[in-house]
C-alpha cells in the first residue's frame, strides 16, 4: 500500500488543492476561512459552518501581551532578519496551559453527547474530575468571571446560525454540573466554547489546537507589525528582567 | 514617553481589539480575513481589499510536500504531544529562499511606482540587477513556466475588483523590462504578484512575510490533520534517509 | 516573597554564574561539560560525574539522517539567513517518540530503587505495563537489537568510574524482569541507560530531555556545517516528495 | 554524483561517527567538546584548540534574563509538556542583534589577516564602516565598558595556550583602529573575541552562530531547570505586560 497525500498537486499550468484548481476555482471565489475548512475536511462549509469557524478564528487572535505575544516581540527584536522565527517562538507557547486544553474538552463533550442521559453523564464527568483532583478543561478564567464574554457571543452566534449541535448541548450539561458541584457560577471559557462549536461544525476534534494556531499566528503577525511601527521589545525586556533579581547562592552546595 | 500597545485590552467583561469590542462588535460580524486586515492596519478593508487579501491568503496555503510541509510532518511524528512544535518547525522554513523575497520585491515596486517614468525605472532596476548578478525577486519559477497560473488569477482578480493599483502597474513595467532583457518570457511568480496586490491593498510592505506565515500556518495544520488520518512520516523519513547514503571519510584529516 | 534567579548576574566588570566569576574562575578553568553540570545543579561534578555526563552527551549527538536532522537541513536550505531557525526546527523533533521517554523511565527507576525488594518491584512495573498495554520507556530499539551497543558502553563506563548507582541497579532489575516476561532479550536502549546514569550522577530527573536537547543541538549544528559544505537539501526534499504521491479525492465528500 | 553524508552510520551492532565507533572509540574516551570539534571538522582538536573551544562555549552559555531566556521561560510555563519548544523559542532569539554578528566579524578579520599590512587594512575597514554609517560587529557593549571582561579572559587564554593566531592579531589591529577613530577605548565584546578564537582554532567561520547556539542551548536548559524548581514565569509575564499599557486608537483610521 502506497502512502499518499490528497492535499495538493502542482503541474506547470495548475495547482490543484484536493481536486480543485487554485487559479480557476479558488482565487477570487473562496474566502480564506472557507479554504481552511475545505483543506481540513475535503468538504465545503455550509454558510453556518463558515460563520462559526470565522467566529472561532477571530476570538483567539489576540488577547494582548500574553506570554506568547511577549515571546514573539522579544524574538523579533533579537532577530529581525527572520520574522518566521519570531512568529514560531510565539506559537510554541500555544500549549497545554492556555488554549491547548481544547482537545481534552472536546473528548469529554463527545462522551457526554454520546450518553443516553447527557445531564447524568455530565455529573459523572465532574465527579471523576473532582475525585482525581484535576481541573476540568474549558472551565474557569483568571480574568473573565463569573462569565467569559467571548463564550456568550460564540454560543449566541451558534444558536442564531442553527449551528448549536450536540457538543454545544453537552457543554450546557457540563456547565450546569460544574456550577452545581461548585455551588457558584464557573465561567465556560472561550476554549471550551470553541471546542463545542468547532466539533459541531464538522471539523475533526484532533485539530482543535490547530485552529488556535492559525488564529494566533495572525495575532502574532499583528504584534510584529506593531513592533515594526512602535518597538516595545526593550521595555518588555527591562521590565521582566528587573522583576526577577539575582539572588547569589547562600553558599556553594556540596554533592 | 511610555511605550504602548494599541492591539488589545481585556477587562472581566470585555476584550477590546484596537478600540472594538470582540464579543459585541466582532464575533458573528467580521470574517477572519477582515480582522487580519483590521489588526494589521487599524482600518476596515473595502470589499475589494478584503477580496484581494483573501485571494493572497488562499494562494500561499498549500503547495504539496514542500520542505516546510515535510518538516512539519517529520516533527509531528516525533513529538505528537506538541502540535505547536510541528507547525512552528514548518513555519521556520518560510524564509528568504521561497516566499521571503516578497519584501524585497515590494521595495523595488515602490521605487518604480514613485518614479516619473515607470518603464524607464523598471529598465534601470533590471540593469542594476544584471550588473550585480543577483536574481530579481518575484520572477522565475522552477515549475510554473513560462507562466505562473496563480499570478494570472491574482492579477485578473485585482483588475476585476478595481484593486489594480500603482504597484501592480509597476510590476507590469518590471515584467516587460525583465522579458526584454532576457529575450524571452520570464514568469512573474506568485510571490511577486502578492507583493504588488498586498501593498496596493493598503497593507504595510514590511509585513509581507507575515501574510505568507498566516497562510502557510493554515496549510501546515492541514498537513497535521492528514498526518493524523493517514501518517506519511515514516515514508518521508525513510525515502529521504535512503537518498543520502553514508560515505566514510577517506582518511582521518590532519589539522 | 520575591521571585529570584540564581543563574547569572552581570556588572560592567564581571559576569557571575551562580556566584562564580566567568572571566576569573571559569574561562580556561572549566570544561563546557563541567559548566553544564554546575549551571544545572549549583555543584561541581566529581571526575566520575563529569565523565558520565560527557558520555551521555556524546552518545545522543548524532544518529544520522533522523527526522530531526532532516528537518534542520530542509529548513536551513529554505532560510539560510537564520541558522537558529534550522537548529530550532530540528530540536522540535526531540519529543516523546524518540528520546523523550527518558523522564518516564527515570521515574520508574526511582520507584524501583526506593523499593525494599528491587527485583520484585521491577516485576510489578513490568506486570502493570503489560496489563495497561503500554510500552516500557527505555526498552526496545528498531535497529539496535538484541543489544544496543551504546547501552553496553555507557554501563561499562559507569562501572569503571564507580558511578554505577541505585538507578543503574534498578535498570538491571527492570531489564531482567522485561526479558523474563518477554521470554527473550529485549535491549535496554540508550535512552534508558542515560536515564539511569544521569540521575545516578546527581542531575535532576526532570531535566533529562534537556540533556538530549544540548547534545542534539551540537549534532544539528554539524548537519548545518555539512549542509554548508555539501548541500543535501534538494536531494532530501525530492526523495521525500516522490515517496508520497498525490492521490486525488475519489469524489467530493458531503457533510 | 550522489549526495552523501559523512556524519553518521548506524548498524545493529555499531554507531559510527565520521568513521569512528561511538561505543568503542568515543564513549568514555572523548569529552563533549572534543566531539563537537570532531563532528564539525573531521579532525581531533589539539589540547589548545579544545581548551579554546571550551572557553568559547562556557562564555556564551548564560547572561541572565536576556530576551532569549525570558522567551524560554514564558514558553515553558505555557507548554510544560514540550521542553523542546521552550528551548527552541529561546534559541530563535540567537539572531543578528546579539551574538549573530560573529560571522560578519570573522569575515573582516579574515580580510585583515590576509592583507600584507594588517594595521593599514584595519584602518581601511574602520573608514569604510564609518562612511557607510554601519556598526562594526564585535565592538561595543551596552554594559561591559570600557572593557568587556570576557574578552580579556578569552584573549589571555589564547596567549597562554599558544592559540593566539592570525585572526587574534587582526582583531588587535582592528581594535587599535577603532579606538583611534573614536578617540577613546571601545570594548572588543565577547562576540568579537570568540570570532577570532574560533577561526584561529581551525573551525569554519560559517559555523560561528552554531557555536553560540550550542552554548546558549545549555544555558536555556538551565533556565528550564530553575523554572521547574522556582517558577518565575508569572512574574516575568506580569511585569512585561504592565510595562506596556493599552492605548486606545485616537479614532478609527480611514483608508
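Details
Each chain gets a letter, A, B, C and D, in the order it is written, and its residues are counted from 1.
Here, contacts are C-beta pairs under 8 Å (C-beta built on N, C-alpha and C of every residue); 3 or more make two chains touch, one makes a residue touch a chain.
Everything numeric here is computed off the predicted structure, so don't read it as measured data.
More than half of the contact pairs of B-C, counted by residue number, reappear in one of A-B, C-D or A-D; that pair is A-D. At the interface between subunit A and subunit B, two copies of one sequence, more than half of the residue numbers in use are shared by both copies. Distance from the subunit A centre to the subunit D centre is 36 Å, each centre being the mean of its Cα atoms. Once the centre of each chain is set as its mean CA position, subunit A and subunit B turn out to be 23 Å apart.
For the pair subunit B and subunit D, the distance between C-alpha centroids works out to 30 Å. Chain contacts: subunit D has residues 3-9, 64-65, 79, 81-82, 84-85, 88-89, 92-95, 100, 232, 235, 243-244, 246 touching two or more partner chains.
Interface of subunit D with subunit A (complex): residues 64-68, 70-71, 74-75, 77-82, 85-86, 88-89, 92-98, 100, 232-233, 235-244, 246.
Interface of subunit A with subunit C (complex): residues 2-9, 16, 18-19, 41-43, 46, 49, 79, 81-82, 84-85, 88, 202, 243-249, 252-255.
Residue ranges on subunit C touching subunit D, taken from their complex, read 3-15, 17, 22-24, 26-28, 30-33, 35-36, 39-40, 51, 53-55, 57-59, 61-65, 82-85, 87-89, 91-95, 100, 143-145, 147, 149-150, 152-154, 156-157, 160, 204, 206-207, 209-211, 213-215, 217-219, 221-226, 228-232, 235.
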